[in-house]
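Next, two complexes with chain A in common: one pairs it with chain B, the other with chain C.
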Partner chain A sequence: MDLLWQTAVNATYAASYMALIAVGLVMIFGVMGVINFAHGELYMVGAYCVVFLYAQENFPFLLAVAAGLVFVGMIGLVMERTMFRPLRDNPLAGLIASIGFLLILQTLAVFGFGRRMGHVPPSTQGKLEILGAVLTYQRLFVIVAAVLLLAALWTFLRRSKFGRALRACAQDAEAASLQGISMNQTARIAMFIGAALAGVAGALTAPLVSPTPYIGHSIIVTAFIIIIVGGVGSLEGAVIAAVLYAFVHTFVTTFFDGVIANIVGLALMLAVLVVRPTGLFGAKERA
Partner chain B sequence: MVFLFAALAVLPYLLSYSQQEIAVLLVINVLLVSSYRLLTLTGEWSLGHVVIMGVGAYASALLAKRLGVPVPLSMLLGAGMAAATAAILSFPLFRMKGFYFLIGSFAAGEIIRLIWKRFTDPFGGPKGLKRIDPFPDIDAGFLSIDFYEPVNYYFLALIVVSASLFVLYRIERSRIGLTFHAIHWQDRLAESVGVDTFRYRTLAFVIASFFAGIAGGLYAHYVGAVNPTRFSVDQMVYVLVWAVVGGTATFYGPILGVIVLTVVNEIVLRALGLDTARPLIYGAILILSVLYLPNGLESLGPRLRARWQRWRGGSAAARREAT
Partner chain C sequence: MSRKSLHRKISRRKFLGTSAAAGAALAATGTGLPRVSFADSHTIKIGFLAPLTGPVAAWGKPGLDGCLIWADWVNAKGGVSIGGQSYNIEFVGYDNEYDVAKARTGATKLIKEDGVKFIMMLGGDTWAGAQPVAEREGMLFSTLLPSDLSPDSTTLVAPCEVHPIYNVTGVEWLAENKPELKTAAMCAQDDALGKPSVATYLAAFEAAGIEMVDAPLFFDPATTDFAPVMTRLMAGNPDILCLDTCYADYVHPLCEQAFQQGYQGQIISCTADFYQNIIEKTSEEFMEGFIFQFPDFDDPALNSEGINFVNPNEFYAEYANRYGASAWGAVSWEYASIMDLWADAATRAGSAEPAAVLEAMKADGTGKHAFGTADWWGTELFGIDNALVGNWPVVVIEGGKARIKAFKSIPAWWDQHKDLMIKHMTDLGQMWNQQG
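Up next, the complex of A and B:
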């Protein structure tokens, strides 16, 4: 029973950062119509921002996380301007270009930090005990930050003018531009937010995962599974699927092993693709 | 054509030992990317093709190692195994199209790869299989060929790959190949005139996988070792790059892509001593080619010719104006 409860707490932590990553990927897909294969590498860059600023240069942890968020968001802007905007009407080319970008980011990380694992000391030592399960402050911090960020994003999308414009572009880009919404402006915002979410996830979890330049691979696989299960283009679906997948993956890892958990996750995604390609929560017209 | 074959026959003698080894792998990769193109004819881009190659490699290696099947036969059976795997996978995968197929094939490939990684018996786990039986030496008294020598294996691979390319070419030019094209450009229309698109997509997938399996067999018995990392999505990225940079509209486009990029990668970049930077340069080439050469290297010839003619036509017009 203790183990079950502890695993559930661990899964909650996993769900929180996975949701950040997946929501970012969905944001980019929703507005740009392109699958960003370099999303895992954006996470990696966020993690290395913390390695550099916090672990090497001794800046405060929070400042390093904020810097990671902004810096990776800027990388998103660069990607939008140089690749996704010229290739807007060609999703396959956009995807392939993002694969090229992934290789560039990976190599730059190897140049800057070497191939070995970066070590990040924990920013706090404390831990919480909830009904016998242990939750370190470090992990709690990730959960709290994810909830706050996603809530802020949700409010932004529902309440602000930009948010409404963004959702309009995601639904029908042509009609939106006829209403006087600037497609380029909206794409920039979506790309910044989407990339920044991946970056902040990397920055927040850096002390917990020991980043390497190649960590993006497992991240992108996870993110793909989540957005397919949740329905490509559905933000709420991505959050729910992240929770679902995190629980399945964490429990299978605890009771079997990590590789089996990955196989189960991929099989889950394949099953969803076969039975309901629009995902569990996706809109029908996206089929 | 004769000239081409003469050049290919002389080539290995002009190369150093390590370059000969690269030449063998290049020949194998030519088959890999050409078989991939057959699949793209139907308009579907898979991310599992390298894993399918791995199925051929693993199957052939295991048949030779565990069951003592003679090596050339094990390669054929391995390729058959790759084709059979594709046939089974086609049931879930061809319920999807476009982006969903891409992701679905990625998932299916990763599952296969993780199974190799997880189950040490018989797949050898993360370390993979080692000491795979080499291709048997030919010793007929007057003639003895040792396939441990890269030059000899180069010629073996060249013969197998040329034969395979010939078959692939004939398939594309046949009625079946034309149907693949039809499915790519007008799948609804093709269906309306009675083409079973599911069946033809499966057929393209199975044939492409068979030849990828051959490439896998050639690889396994040359290198002598296979492991799950060798067939990871990183390697798939390279196949994708070759196909995209070369262009997939013509039969020779992907072949051009793999040859040009391998030469750039192995000779130019190695000579410059930029080993760590190679993925970066590959990435940059990929982005630049999608942006500025969307139809690949194959479109370069006609484009330059058109520009040359326009320039000549333009200057002729200018001369006329001047006089």
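Up next, the complex of A and C:
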């Protein structure tokens, strides 16, 4: 029973950071129509913010995480202004530009921090015991932050003027423009939020992984599986698919094998595509 | 935001198609950036074809850094004497990023464009890329992983590290000194480094009478969250956690997870690169007694008689001075020690040509391995006697510092337990005649 609970706790943590990353990716795609392949590198930059501010410069951990959120959000604004806005009418060019940008971010990380993994001491070694399962505070931070941030995002999108503008642009950009909604402004907001979510995920998990300039590769693959399963463009789908994928992957790893878990994860994606090609929560394509 | 709303400008099919295309493009990109080097006629170039970036860089880059110290020291003394002429040594690095295709490109470039006389590799998955080039060109290559050896590769030698065979010495020492520990659990990344090492540890545990509580757990090399892996390992309450030959990127979070999930038993691992960082993430008490196979070279035991590595303590001090003490890793000294063997063989051969050096290297069936005189060995395991095998150190962390506890003989273990090793290597498809 302890093993089951421990696995469930492990899966909850995994679902939390995966949801943050996937929702950020969906935000950018949904509003701007761009597949941001540099999303994994935004996660990496968030992690390195903590490497620099917390591990090297001894700033408080939560301050470093907040700085990571804002800094990566700002990078998102730069990406929107310099890459995605000029290429707005050509999503494929935007995708290619994002691949170029990820290589730039990787190279800058190598120049700034070297090729070796960054060392981040834990901000706390405290832990909880829940029904025999161990949950460290470090992991609890990630879970709590994910719940709070995703709840805040949901509220923002539902209740605020800017949130409604985002949804309107995502539904029909032309009609939204005719109503006086600025496409540039909504794109900026979407890009900032999407990038910041990836950045905060990287910053929060930095003490729990081994940050390297190349860590974004494995992150982006998982994120794409999740948003394909959830339905490309669906925020709710991204969250639910993150939970589903994390639980399946974690349980299969624990009870079978990590390699088999990857195969099962991909099989899950293929099964969803076969049975429901739009993903679990995706909308049908318009004619 | 409506579930139907985020869906415009690009169709799902286009999304999937372009994602796949972009993924392929991304996989094809990368920067195997060769170093341009210039040398005069009294300089011999040596190729260094190893991962200098990426997750396996910890077993490449520190080795090149060590080689640069070796070259500076040798060149300051006038170089290597070959056929009555002194030659300076210059290293030409090529970052293969632990990628097969880049290894092939790098091998070709180093031979055709740079004119190197010898190429050192980490090996493993990347040897498959360099192998056709080695066979075609007759170039002398070295690997740190003798599991790359086969009768088809007559110009490949493993003159320093006999991974994973030396792992038996750690288990043997553990069984002798902590006989009360009777059960073990093990995990490894699913690749050419992990699998033969798993077979070796399985053989060593069986030889020592230590029972596995569960089958070895393989994980994908792209894994970043190790909590599930550690949960599974600890589920059987093993006396010993074996981390196999996991990369540093995995050993650190695995140890951290073991600490966080409350493990209190023995840990054994092939490596513990940058172990000071692991101690910082866990505690000195938790890491006390951690067994691995790679000493810090400031260890006094390396000054004992029979050690062939030149000035190990000074080498370590210079390394720490140049790159920082925390940069020292498992391979920091290994490629340099291979260069000691190469220089000795080239001097005796009176030539730097690959065939002549190889012949001189293996002339009397023995060689001056870093940890003592060793034999060229391996026919039963690798199909060819191209591995230099002798003693290997067992290292234990005590009071936050790695210390050599013993030098143990690999051939002596082999003589007693070779059937076990061959059985487990065969079961995992790791014998030389099982590899495609």
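The rule is short, and it goes like this: the second predicted complex is superposed on the first by the 284 of 287 C-alpha atoms of A that agree within 3 Å, B and C clash if a C-alpha of one lies under 4 Å from a C-alpha of the other, contacts with A are read in each partner's own complex, and residues count from 1 in each chain.
As a working rule, a residue touches a chain if its C-beta (ideal position, glycine included) is under 8 Å from a C-beta of that chain, and two chains touch if they have at least 3 such contacts.
Since we're looking at a predicted model, the values are computed, not measured.
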Fit or clash - chain C, chain B, common chain A: clash
Contacts of A:Ile130 with chain B and chain C, given as first, second, both or neither: neither
Partner chain(s) touched by A:Met83 [first = chain B, second = chain C, both, neither]: first
Chain B versus chain C as contact partner of A:Asn262, first or second or both or neither: both
Partner chain(s) touched by A:Leu92 [first = chain B, second = chain C, both, neither]: both
First (chain B), second (chain C), both or neither touched by A:Thr254: second
Contacts of A:Pro122 with chain B and chain C, given as first, second, both or neither: second
A:Leu148 touches, of chain B and chain C: first, second, both or neither? neither
Contacts of A:Val221 with chain B and chain C, given as first, second, both or neither: both
Touching partner for A:Leu103 - first (chain B), second (chain C), both, neither: both
Chain B or chain C, by number of chain A residues touched: C
Where chain B runs into chain C (options 99-107, 207-215 or 243-251): 99-107
Set of chain A residues, in rising order, touched by both chain B and chain C: 35, 91-92, 95-96, 99, 102-103, 110, 217, 221, 224, 228, 232, 257, 259, 262, 277
Chain B - residues contacting chain A, complex: 45, 92, 95-96, 99-100, 102-104, 106-108, 110-111, 114-115, 117-118, 233-234, 237, 240-241, 244, 276-280, 282-287, 290-291, 294
Touching residues on chain A, where the partner in the complex is chain B: 35, 82-83, 86-87, 90-93, 95-97, 99-104, 106-108, 110-111, 217, 221, 224-225, 228, 232, 257, 259-260, 262-263, 266-267, 269-270, 273-274, 277
Residues of chain C that touch chain A when the two form their complex: 1-16, 18-19, 22-23, 25-26, 29, 52-55, 57-58, 61, 190, 217-220, 222-225, 227-229, 231-232, 235, 248-250, 252-253, 256, 260-262, 274, 277, 280-281, 327
Of chain A, residues touching chain C in the complex: 3, 6-7, 10-11, 13-14, 26-27, 29-33, 35, 37, 91-92, 95-96, 99, 102-103, 110, 115-117, 119, 121-122, 125, 127, 134, 136, 139, 157, 163, 166-167, 170-173, 207-210, 212-215, 217-219, 221, 224, 228, 231-237, 249-250, 253-255, 257-259, 261-262, 277-279, 281-283, 285
